[in-house]
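I'd like to ask you about the structure that follows.
Chain IDs A, B, C, D, E and F follow the sequence of writing; residue 1 opens each chain.
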Amino acid sequence: MNVLAVGCHPDDLEIGCGGTLAKLASQGHEITMVHVANGNKGHKIIPPAELAEIREQEAKKAGSLIGAEVISLNRPDLMVKSDQDELISLLAGVIRRVRPDFIITHPPEDYMKDHMEVSRAVFDASFAATVPHYEADGGHPAAAKVAPIYYMDTLAGVGFLPTEYVDISDFIEVKIQMNDSHQSQIKWLYEHDGIDFLDFVRTVSKFRGLQCGKAYAEGFKQCQAWPRLTTERLLP
Amino acid sequence: MNVLAVGCHPDDLEIGCGGTLAKLASQGHEITMVHVANGNKGHKIIPPAELAEIREQEAKKAGSLIGAEVISLNRPDLMVKSDQDELISLLAGVIRRVRPDFIITHPPEDYMKDHMEVSRAVFDASFAATVPHYEADGGHPAAAKVAPIYYMDTLAGVGFLPTEYVDISDFIEVKIQMNDSHQSQIKWLYEHDGIDFLDFVRTVSKFRGLQCGKAYAEGFKQCQAWPRLTTERLLP
Amino acid sequence: MNVLAVGCHPDDLEIGCGGTLAKLASQGHEITMVHVANGNKGHKIIPPAELAEIREQEAKKAGSLIGAEVISLNRPDLMVKSDQDELISLLAGVIRRVRPDFIITHPPEDYMKDHMEVSRAVFDASFAATVPHYEADGGHPAAAKVAPIYYMDTLAGVGFLPTEYVDISDFIEVKIQMNDSHQSQIKWLYEHDGIDFLDFVRTVSKFRGLQCGKAYAEGFKQCQAWPRLTTERLLP
Amino acid sequence: MNVLAVGCHPDDLEIGCGGTLAKLASQGHEITMVHVANGNKGHKIIPPAELAEIREQEAKKAGSLIGAEVISLNRPDLMVKSDQDELISLLAGVIRRVRPDFIITHPPEDYMKDHMEVSRAVFDASFAATVPHYEADGGHPAAAKVAPIYYMDTLAGVGFLPTEYVDISDFIEVKIQMNDSHQSQIKWLYEHDGIDFLDFVRTVSKFRGLQCGKAYAEGFKQCQAWPRLTTERLLP
Amino acid sequence: MNVLAVGCHPDDLEIGCGGTLAKLASQGHEITMVHVANGNKGHKIIPPAELAEIREQEAKKAGSLIGAEVISLNRPDLMVKSDQDELISLLAGVIRRVRPDFIITHPPEDYMKDHMEVSRAVFDASFAATVPHYEADGGHPAAAKVAPIYYMDTLAGVGFLPTEYVDISDFIEVKIQMNDSHQSQIKWLYEHDGIDFLDFVRTVSKFRGLQCGKAYAEGFKQCQAWPRLTTERLLP
Amino acid sequence: MNVLAVGCHPDDLEIGCGGTLAKLASQGHEITMVHVANGNKGHKIIPPAELAEIREQEAKKAGSLIGAEVISLNRPDLMVKSDQDELISLLAGVIRRVRPDFIITHPPEDYMKDHMEVSRAVFDASFAATVPHYEADGGHPAAAKVAPIYYMDTLAGVGFLPTEYVDISDFIEVKIQMNDSHQSQIKWLYEHDGIDFLDFVRTVSKFRGLQCGKAYAEGFKQCQAWPRLTTERLLP
């Protein structure tokens, strides 16, 4: 399968579904990781332009650990807007090129606006991508079907009740490594919010594991919208 | 009564509440059917400008079957935005002219963004229409009251639990004819999504009928917002 | 229509739907008011047996104000159990005799167990009443249809979001009088919970009125279960 | 796998998950169909004892169409009580013997009490079955694990939003035949509720199919309780 | 503590949390009241520019009753858009200056769009305010923490189930006075919607009081989003 | 304050609110820990009667760590029934004696029936305890008020979204010790469900801590029923 994962900041996919992506990759599926924001404001001292470059490299490093293609849509932090035609066009372009069997992204409600905007943009763009007369970035032909969407966990699992779980017990260390690639963010989260990022990620995965009887897991909810419903499980 | 129905694409009202509108019309109420999008991208081959014209005619034909006035706000497909002042002004203008006793539109959550934007735009415009100093398209005086809103079914009923039902058993054939007017869409849905449109519409109406003990029915939920709540049933 | 209202204690219907019953009665409908518990423990000093008799008279007085038949199922307070065959049989017997067009009762979740048990018992008994081979108290033939149920407000409206409102502006004084008939309870609620009962009742009715734009109102939710759904409004 | 399906009346499984059971059987899984109530009151004329026998035969006939074992727990209609130790013991006994990989049963909320009691009894018994010192009917050793539960659709889909769908397009005719085995019930539902049973069943399956893009489907929700959550799809 | 309350129109805070703000002020906390819209369209005759000035004075008068600072962001009515960078910058600027220990604002769903936009804007701006490289109006340094948010009641309490209550029994008269300062609005609500504003406000406060056993109260829900969750009560 | 915590099995309180109880105790509050079931079936080899005694000792040891009184209502496992008058009488008797300022117990939905029955029994008994003419075990006079109830977490947090959090960072080691007192259960959970109990408990507490920004926390929801709502936080 082709799997498209669209996160907001360069490390959000690693936090929310890194283990699932690693597992999918290990099974031979093609993984494309998109981050919509460039993460340029995620630091106290490093200036935005420089930080965007650093984070781009961190994201590529994380993706390379599982052989995923990594794409940045390069929106400045706090400026992700699902109502902007350009963003939808960029996303639809990626979708037309990747032709995903399913998509993973943020849930519609999360801890900050940019995440929520990404969720809505993915919902919109993945529909638009199937409309022949819609012109999307890149000039690819329309996608054949409206892809199913799985919403990954919110940050710290607040307000999120998963209905599907993925066992990532064999992929927790890869997931941690993927997250460890984001050194600038590890430091920033520690400074901005006082949290130990890698321990945070491990604990949430362990908690989701407890819920479904595995050592480590990630939780998801499927987007309940026609015609995205499926009669088979697409998650690994 | 004056009844205003606002759908997204030229066939959405026929799918969601065609039977209810036919029933209301048969009872002597004035029906105004508005479609916000012109449906210009709803085909694989017919180019947008031509398609918009075709669909406009299809919509008028459908409306004529029940003696309804049909209005197009002529927004291009995938470009319906409730945040645009112009759209709200156009809608508020229609509301000020029609002075509806109640409004039917899409629910806030549905299978694609344009539908959801229409729902929000109707919510906003029907409030704005009552504010004297708000200037709306058409120059009509402010509406006297904030109209109650009934949300019609989602496409295929996904995620929708009606709290009110309308018996359309005597109007199912008119409803089917109204939908049959949309020949371009019938073909497009078949090509784009592989579905038999008229059978689809009939099946959903039959299912909603099963739920309330009628041959055919349509399901609705009332918008729960002050001062739109009522102490009588407005649906037929 | 025949309207059956089933409350838990002798004053619960007066609190939750007294205005609606008064309105229905004024329109010529037949009203039957059932209280399941005899209210025998609703006082600090008056002993249970004596109190049950007092409250029975209070209930009859309240019902007489609107010409309603008043029936007590005479269960001791804190002993209402929907799982008891006898209670279901008694209730089904009343339903078979009254043959209600619809029923009003407590919602499934309320502030104390007896209320919740009444709600469940009504749900069960009104189904059982339609089953020919089910033997119910009183020997009446099976009811012809499973009656729609409207759930009235919880006490103080906690946790309750009405979807239907009844304008009781012309019946608020009758409602207050009906409640005023329950002198023992007025005193007990004041002593047990420190509340001014009549003011309490008036305030909740006024609040529900504010919500739907009337001077006074009562809020309801329809029981969403097959085959109880309707295509017309039964509430007045 | 061993699949245990527990319905209330002799035809409930056929209505709610007949296609899914047929599909599972066709894939070589062992199917056990349990009906808790004997359906003895499901008729206007045929007396209970006779009807129970008729329906037992109908159930066996339906089960035989897919090679399923059929078990009756033989509770009289309207007398299913999840609080009865005997019922839990019987159910736990079946579970210990069958050792299901998963269970299908009614959802906790449905259109009548017996259905809801079955749902609760299955939830309880499937836990009790795993407790070594719990003594269940039949003398089998404790089950090794608390089985995952899938809740099937409510009657007519009222109040039910599936999160998982099973494509039964290739099994709709078998499903109809299974339901057609219940001739006494087909007549009773027609007389009691005025509905064409087989058309009813087909319509709901077709509607659920529309929702997930298949000709026919059945909808389910997984019971979200520890330790029943899974990391793989068990439904076919 | 520093408490920031952000309402939409010049009287919304007085309606929704006037008693709570008065109580906080009486306890020595610093209160800042922001209204985002200038209320310029809230009248039938007084022209917008003049009305905006009148309402600014009314708001200042109301705030002065409890010693609160009053700030207007001066957006025209019906033009509040959470997607506008300028609005977020203004709000973030206020937040950086005030450095609130917690924020009170409208809930995400309310009776009109401007209210809902304010809620979203506050959610977004209070996050943005903590990001060092985000440039906000006023040039203040980034806020140290993402402030907890309490959502106040909707208008008339429609669709709102509080999870926290504040006893305002000792502050109901101050609350009424604060509302009484909005003379233009009192008249407008009477003309536009036919409601007695002060009685309306008092009744809702009395109803919320009934729910929690106090003479008068206000209801709130905490915004459930990381990292805004708290382990202590911040409301008075 | 007097704090009453009512769990189902001898270790459930330690799992769900051990840290909160330890914190309350450290602040000088009187803690009473009740377990309704005696835990007699919680083992594969140790026979029920013997196990009940062992677990009673384990519970007492756990309670002694924080100076709490420990009471067993001694119901056999899998036999907890909220509909039994005797159980309600026992619980009401405890409540009348302890006169709790608030109660902590299981939420109404949890992973097994006995837990859910305890929740309902506590809800019922704490109301009954305030009714003067209700006769409860022990002969104590009626309680003066219906105590507020806080629902603690479900097992593994499945299906539970806390609205209030208690910081237990300083009490996590005491909590672990309290749980470590239940040696029989630690072994049984390992054998029955394959889980490392102490690690399980620590992980859930750490996860709840992540959600509210503390090292360790416990999550709760307040029972939303009149007259239990409060205008102050009772949790520590």
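Heads up, the rule we're going with is that contacts are C-beta pairs under 8 Å (C-beta built on N, C-alpha and C of every residue); 3 or more make two chains touch, one makes a residue touch a chain.
What you are looking at is a predicted structure, and each value in this text was computed from that prediction instead of being measured.
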_Labels of chains that are neighbours to chain B and to chain D_ = A, C
*Quick one: how many steps at least from chain B to chain F, stepping chain to touching chain?*
2
_Taking each chain's centre as the mean of its C-alpha atoms, which one ends up farthest from the centre of chain D?_
E
*chain E and chain B are one sequence twice: same or different residues at the contact, by the over-half rule?*
different
*Which chain has its C-alpha centroid at the greatest distance from the C-alpha centroid of chain A?*
C
_Just the number, please: Cα centre separation of chain B and chain C in whole Å._
39
_Taking the mean of the C-alpha atoms as each chain's centre, how many Å separate chain A from chain C?_
52
*Mean-CA-position distance for chain F and chain D (Å)*: 35
*Find every residue in chain A that makes contact with two or more other chains and list them.*
83, 156, 158-159, 161, 193, 211, 213, 224, 226-227, 229
*asked:* Please classify the inter-chain touch graph. Allowed labels: line, ring, star, complete, other.
replied: other
*Can you name every chain pair that touches?*
A-B, A-D, A-E, A-F, B-C, B-D, B-E, C-D, C-E, C-F, D-F, E-F
*asked:* Show me the residue ranges of chain C that touch chain D in the complex, using the header's touch definition.
replied: 83, 85, 88, 120, 123-124, 127-128, 130-134, 224-227, 229
*Which of the residues in chain A end up touching chain F in this complex?*
156-159, 161, 193-195, 200, 203-204, 206-207, 210-211, 213
*Any idea which chain A residues touch chain D in the complex?*
161, 163, 165-167, 211-214, 217, 222, 224, 226-227, 229-233
*asked:* For the complex, give me every residue of chain B touching chain A.
replied: 40-44, 47-48, 77-79, 81, 83, 110-113, 154-156, 158-159, 192-193
